[in-house]
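Each structure below appears as structure tokens.
Look at the two complexes coming up: chain A is in both, with chain B in one and chain C in the other.
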Partner chain A sequence: MEEVDVEPSTTLIPSAGFHRKHLGFEWGPGDLLVYETNYKLQGPRSAGSPFVHIVRRDEDICSPILRKLFNESHLIFVGLQKIKEDIPSKNKKSQFVSISKNYRSVIRACMEELQQNAVSTQNGSLASQYGDQVSILLAIELIWNLCEVLFIDTAPAGSLLLHLLDWVRLHKSDVDARAREVLQSDSPAQHQSYWDVVISLVLQGRTDEARQVLSKQASLREESSSVFKSMDGLLQTMPIFNPTGTQTLTEFEVKWRHWHEECDRCLQENTFASNRHLETICKILVGDEDTLLEQKELLSTWYHFLVTRLLFTHPTIKPPDLHYYAQSSMNMFLGPRASPEPLDIILLSAFEFDLHQVIKDCSIALNNWWFVAHLTDLLDHCKLLQSHNLHFGSNLREFLVLEYASGLFTHHSLWQLAVDYFDHCPEFGRVYLELQIERVPLDTERKAIKVLRICEDRQMSEQVRSICKIMAKRALRNNRLGSALSWSIRAKDAAFATLISERFLQDYSNKGSFTDLDLLDNLGPAMLLSDRLTFLGKYREFHRLYGEKRFSEAARLLLSLMTAKIAPRSLWMTLLTDALPLLEQKEVIFSVDQTYELMSCLEELNSGTKDSNLTDQDEDIESTKTELLRLALARNLTMAIVKEGTIET
Partner chain B sequence: MFVAKSIAADHKDLIHDVSYDFHGRRMATCSSDQSVKVWDKGDDGEWHCTASWKTHSGSVWRVTWAHPEFGQVLASCSFDRTAAVWEEIVGESNDKQRGQSHWIKRTTLVDSRTSVTDVKFAPKHMGLMLTTCSADGVVRIYEAPDVMNLSQWSLQHEISCKLSCSCISWNPSSSRAHPPMIAVGSDDSNVTYSGKVQIYEYNENTRKYAKAETLMTVTDPVHDIAFAPNLGRSFHVLAIATKDVRIFKLIPMRRESANSSGPTKFEVQVMAQFDSHNSQVWRVSWNITSTLLASSGDDGCVRLWKANYMDNWKCTGILRGDGSPVNGSGHAAALSAVGVPAAAQMVVGAASAGRKKAQLMPG
Partner chain C sequence: MDPIAKYISQKISKTRWRPISPALLQQPEVFATGSWDNENNSVSIWSVGEHGVSNTDGEFDEEPQLLCASQHDGDVMDLQFLDQDRLVSASSSGAVMIFKLQPDCQALSLAHVWERAHRYSCDNTPCTAVVCRSPELVSVGEDGRVTLYKADQTEVVRVIENADSSTIHAVTFLRTTEVLTVNSIGQLKMWDFRQQSDSPAQILSLTGDRVPLHCVDKHPNQQHIVATGGQDGMLCIWDVRQGNTPFSLIEAHSAEMWEVHFHPSNPSHLFTCSEDGSLLHWETTSGSDMSTLLQIPVAAQPDTVCQQPRCA
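On to the complex of A and B.
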């Protein structure tokens, strides 16, 4: 089918285009930056328009009330996805209908709140904005309700009309208000809207209520009471199909035809000639089109006209026959000059059971994907898109859901809802999520952890790594070494962890103490990420053991750091110097073997190439240190030999 | 669409480029006034200029952010034949209080003999690599081997394109299925070399970039070029700004096992072509999910293009200057008038009287 060729809308950028220059742009999260520029790099230079404009789509996301709509419909959506495939179809249908009703009640709740706000606000433009949103939601609910009746509930002939009547009644609520007004007045029968109310009720098939209002009239006029009794009789005996009853459709049809003939006879016999209102009502009951059309103002919409017309001419209408009446009703009601609005076209497509057209036209007319995405998803679950022979059926659903969810992602808190929607798009959901979740600004650690958890749950390892790396880098820039280290560990970034460990060690040699002791003491197996990190952790452990006076353990650890080659050569001198206090204790801590090992380490260190960058002074210090160590080691050796050679008695 | 906000950029001359950082919280602008300004978005949603400094001795054409994994790093390129790399330094506490930050130059790349027309960072999975292209027809790829030391950059590759280059675009895909790929556009009016878009691919064996494809059907000067984000597709999508907007589909052809060396061969298809600008198109750019393409043309308009689920492309919006001059006070006169968003264009029954006739506005 042909796509309607729609002219795109133009948005004007203020204070730009005066010299007919070019417009530069840049995509942003949820917006577009636009600025005046000149791409022809030569040409007159001027101050130009020194503005950068931020252009947004008309996003309903900004509205706090609609946010409730998004939140609650998200819950319904997720619940819908979880419905198991293997439930028998009859039960499924009732489940789908109830889900559809849930969606609609969420829309109505939102509408009511918007309406209240529109009434109570002082701000004129805000009130009109609310008003606009209310009418959009009204239209949405109207369409959704019709789709529910026709596509999800799939009422057969007989019930179909009843559902359509409910639909019309729900969306023409001013009748109740007027009826109340009339009944509560001092003299209902004299009220100027009296007959309007009666006729409106009849048009909606609410015969009992019509009779109730009529009775107010009857009690006044004794002489014409017989006329009213006749009308009352007609109204009372109007057959209404009962789907749960035992009467078949055929039986109902016969009964209805009898009643219809009865009404016709009353007309022929001029029973109601004395009262033009009753005459009008009788003509309505007979389904006279001209009379119905005269009630345009009370009907107010062509679809009300359609349903009323069907009520009084074809109450047993079958779904496939609906479209013929719909088209002709619309033409009759609107007349030759008026052209249908988008809403009218959408409703007509629904009556024609053209789902695809409904969805397409809704997508075009609305600027938020919420409605089409959720409705299409529901219809897809009812397996309706496939049965309409759209080979791109499920792609259509996914396309719309992806569009909706992508829009949510630009919002600072609603993006979390979007994740669930992406999860339920089997083809592209994951890759869309990967692309967009990386862009969520990591304002706080808490937010970063929230984003991380989402990625970790879905095994998005590259995104996890990237986010952790960004956080680590940021922490490092701000000199928060502990935070940088824990982020690097989480990123499993060995190179960065090494770098940060070096910084820790640098800090230690500058200040003489470690920072972030909590972190270093509790590294656990994460220590193994990088050699330098392992060394850092163990080195810190050495200091801790020393502080707790567990000297022999400390000694063993220190030695192992050198012999197991965990410590980098550059730090051996530091380690050996750390060994000095242990060597100079009264008690012998290093055993003979250990002392030999320390000595060999020292010699190994000295046999290596000298660092040519050392100044003479530094070289002096180094050689003094070495001498001190040799002395201390020798002394320790003698004491250790003696100790080990002594037999304890 | 509506103008939500207008920021007075305060440059003393034309702005040539604006660039958002990866998270959309910072913005850099560059201008013919030879300076770059950095703007930060506060918690209140307002933009504040946190740095402004002279970067070059000529007009600055482009400015771009590196991926935040590498820290806060900017690159700029200029008419003065150089490109430069800048890093933000965490300032003193009183700077922070004043809301100012400092950027220092880490390196200047002076290899080009002519104006440097574009500068782009390569996708992050390739490391910290910077690419420039110049009017001298050379694309230069630099790498910083030590990401902690941004003053050391080495020129890894020089690709001679034989035509004056105006724009470059890296294929952002990090899939192992194909090697790194860069597209180069030329605005040369030379008719001998007719294909104005060249695509180069990295070869693991030779460790060099080799030409994989020339789009021979693009014969007019090309002003901008942009690969679309990949989204797990097996083919590549490339948008081109030339005398019209063109979108190409590049489908890698399966290699015969014998000929596994050499660049990939592509089947090139035109996905869409739009001449609505009716004039030269200067810039094209994709949004993050590659669902929307924006283009800017000589007609002074920015147009947005979108494909529906059947891959039919349509224009879904136009931005145009309203032709009004900036008034003396320096504030956009129409700010308040355009501040209120237009509601969706659907109307209900009788209530439509007096309201705008429903504009069919695609979402």
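On to the complex of A and C.
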């Protein structure tokens, strides 16, 4: 038995398990059924509560706003699968990055809508639910963005820090709002958040904007303007690596060292001693860890601390060295006693380039496979996951996509999306689809037709047959014989067509006439689907011919039905009885040969073993019928012989 | 012009433009949609164009905006505007409902329901299609019934029981008292309500395989020309006066054709949509031949198509 990674969380089921009753359960495709059993540890047995509880693991799938996330990401997923293998890897990388950005923008759009709804709704519990979903999506986007920077975009040293800075800036958006507030106030320099804003901007490496805000201060106080000018100079000369420029990394490093020494010199010379804020800023520029730690409130997260620390101490950080700094930054920031949150652990694993740990932790932390399935799929396309096989044969990507799609299939409406996901799982996708597609509830014919089209497109003939049989049976139960027939035709199900024909013939023998003539008269080539159906069509044609008084044709048809063995033995008596009025006509209809054939059919029928279930009365009726037929046939024979023997003059 | 797509949180089964009074020389801007396959389905009214709200930049927001919506019991199988203010829907629960739209499009409310208009003896069955020619409505369903209603009367005017032994998928008015239905064994049946008997006035079908027909539409100007589409994606144009063969047969799609429509004011144009994911625009060049086609691929399977009538 595998070890448990985390303690399982407890879910309370209201009104179950009272009086120390044991609970029983049964797994469903996406839900769990729980019920009270009769068993009790102590005390007499008694009947449990009659309720069956459905416990749903994933409630996000029912949220109408998150549905858009599922729908849009489905489109991106399908587009990703279609990227051709043979284009050069450089182009592929940029395509993968843009796909990753697409996914993220979809997440952001959802987040915004949830946020709007959370603000505008009146319902308190709904607002908190929206709020929870927003924070989960925020965390997801944060992790995804980091994975994009580290794994997909794989920036080398130099650019790596720039990307990490972008990442941090994107996820700490309150700085812009505060800066705007300060700048738009009457006297920005006197604003209480003024220095906070300047320091925040410096911490994010936004030196130009910091200089702009600082300039508001400088214009006021003339006597300390030289100090501000020096700070302005430091900020202006801070080197920023330009990945597209001609400067190499080494040159940049040299330049940066010079600048760093300049800042250090300013600090040693106490240039900024007159203004403690500027002194703080200078210490930050030098990369003094204690000063940075003092800004905990402005930094608010350990990864911001990490990136800022790297910016001012090791701007040319190489990806493999990242994790040293990550671990130590987290320890420094959070302190010795605080325990890291799941999100922190996931980010740390990402900094350590341990993809599998990231995926594993995310799977545990989230209640929905959406994120891990799509991220793993994208990483797999980037060829980043080793193809080590899991116990059950498929690789990690396929396993996660299958889990996600199976979850989708249980949704009453999103099942259509799941089909595409299964299509792109080469090993087990088809099997999963075959099992799941038969279990989609079919309330209307239109839905059944859509499901059938999915099966037919994938040559799943077993499923087609089974679904058509379900629909045909349902139609038959409601006496819709035409519908039932059209379903059997679609499935090419001869056995069912025979069943339907039996039903028709039963109705005929009960009522004496055919129902649903519009169907029988217009069977067309579908008649050939089953022998019984062919017989039915021809028999109806016989009736029609008789009605139109085309007796000789009717006679020929009737005879062929018996001699060609299309008619079942059980109905021969009926057919012969139908021949009786034709035999009794004044005009001779059956020729000599035909009459001989009819006679032989009658004898064949009578030579068969007698049905012992017949009562005496029935036997009497049968023998009377036979007598009448024999008489009529004999009479017809004489008239036919005479007619054929007569020479027409 | 590129189509504009907007994601909403439901699958749409039918969409219809709201008719505008012929006196106004403008394009319709309001349309209705009906959803399906949800636990709670709804009928919604949307608008495009100046009727909608432009965003804060003052830019013209071309995405449709939701104006109002109403709960709908069961999947929306068909939707038709009876007139400017009333919308009729056919439901998978077997009911036919009339919704009333406030003149300023601010609210949509249920005005009348004919419950169990289509039913089996112990089950409900979906009503598959409904057609209006104000004030009359005709609905058809999986139970093979054809029912005639008047919009203001609560009682059903006439029911043709057992009109068909198979499911009737679509219906259209030929004349004021005549309707044409198509069913799942590939037959077109004409019904004349002036006749007392419950049997069809005429039955047409293709010789050959009995492929289910899913949609039908009448030519706007010529009452005897109809177009049908079926399970195999074949588009057939029939002349109902002339018996059993359509005069035009085109292999339009590779999967079921869900809707076919003649353009209301320009009938040499025809639109079809199908389960294979495409929406096609056809044009007759001369006489009754259908030749050129312009293909507009759509991302998902479209279930419905509806055009705006352009004035003059």
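Structural remarks
As a working rule, the second predicted complex is superposed on the first by the 486 of 649 C-alpha atoms of A that agree within 3 Å, B and C clash if a C-alpha of one lies under 4 Å from a C-alpha of the other, contacts with A are read in each partner's own complex, and residues count from 1 in each chain.
Just so we're on the same page, a contact is a pair of C-beta atoms (placed from the backbone, for glycine too) under 8 Å apart; a residue touches a chain by one contact, two chains touch by 3 or more.
Everything numeric in this text was worked out from a predicted model, so none of it was measured.
Once the two complexes are laid over each other on the shared chain, residue contacts for A:I470 go to chain B alone; chain C is not touched. In the superposition on chain A, contact of A:K447 is made with chain C only, not with chain B.
Of the two partner chains, neither chain B nor chain C is touched by A:Q327.
In the superposition on chain A, A:S9 makes contact with chain B only, not with chain C. In the superposed pair of complexes, A:R56 makes contact with chain B only, with no contact to chain C.
Once the two complexes are laid over each other on the shared chain, residue contacts for A:K68 go to chain C alone; chain B is not touched. Put simply, more of the residues of chain A are touched by B, taking chain B and chain C as the two choices.
Of the two partner chains placed by superposition, A:Q357 touches none, neither chain B nor chain C. Of the two partner chains, chain B and chain C are each touched by A:N478.
Annotation: chain A residues 443, 478-479 touch chain B in one complex and chain C in the other.
Note for the complex: chain A touches chain B at residues 3-4, 6, 8-18, 20-39, 41, 45-59, 125, 129, 132-133, 135-136, 138-139, 142, 300-301, 341-343, 363-369, 392, 395-396, 399, 402-403, 406, 428, 431-432, 435-436, 438-443, 462, 466, 469-470, 473-474, 477-479, 499. Across the interface of their complex, chain C is touched by residues 64-65, 67-68, 71-72, 75, 412-413, 416, 443-447, 449-450, 453, 457, 478-483, 485-486, 489-490, 515-516, 518-519, 522-526 of chain A. Against chain A, the residues of chain B that register as touching in their complex are 1-20, 22-25, 27, 29, 32, 59, 61, 68-72, 79, 90, 115, 124, 148, 174, 223, 229, 231-232, 282-283, 285-289, 291-292, 294, 296-298, 300-304, 308-310, 312, 314-327, 330, 332-335, 337-338, 340-352, 358-363. Taken together, the chain C residues at the contact with chain A in this complex read 7-11, 13, 36-39, 75, 77, 92, 120-121, 123, 125-126, 128, 142-144, 164-167, 183-185, 187, 189, 200, 203, 205, 207-210, 212, 231, 255-256, 275, 299, 301.
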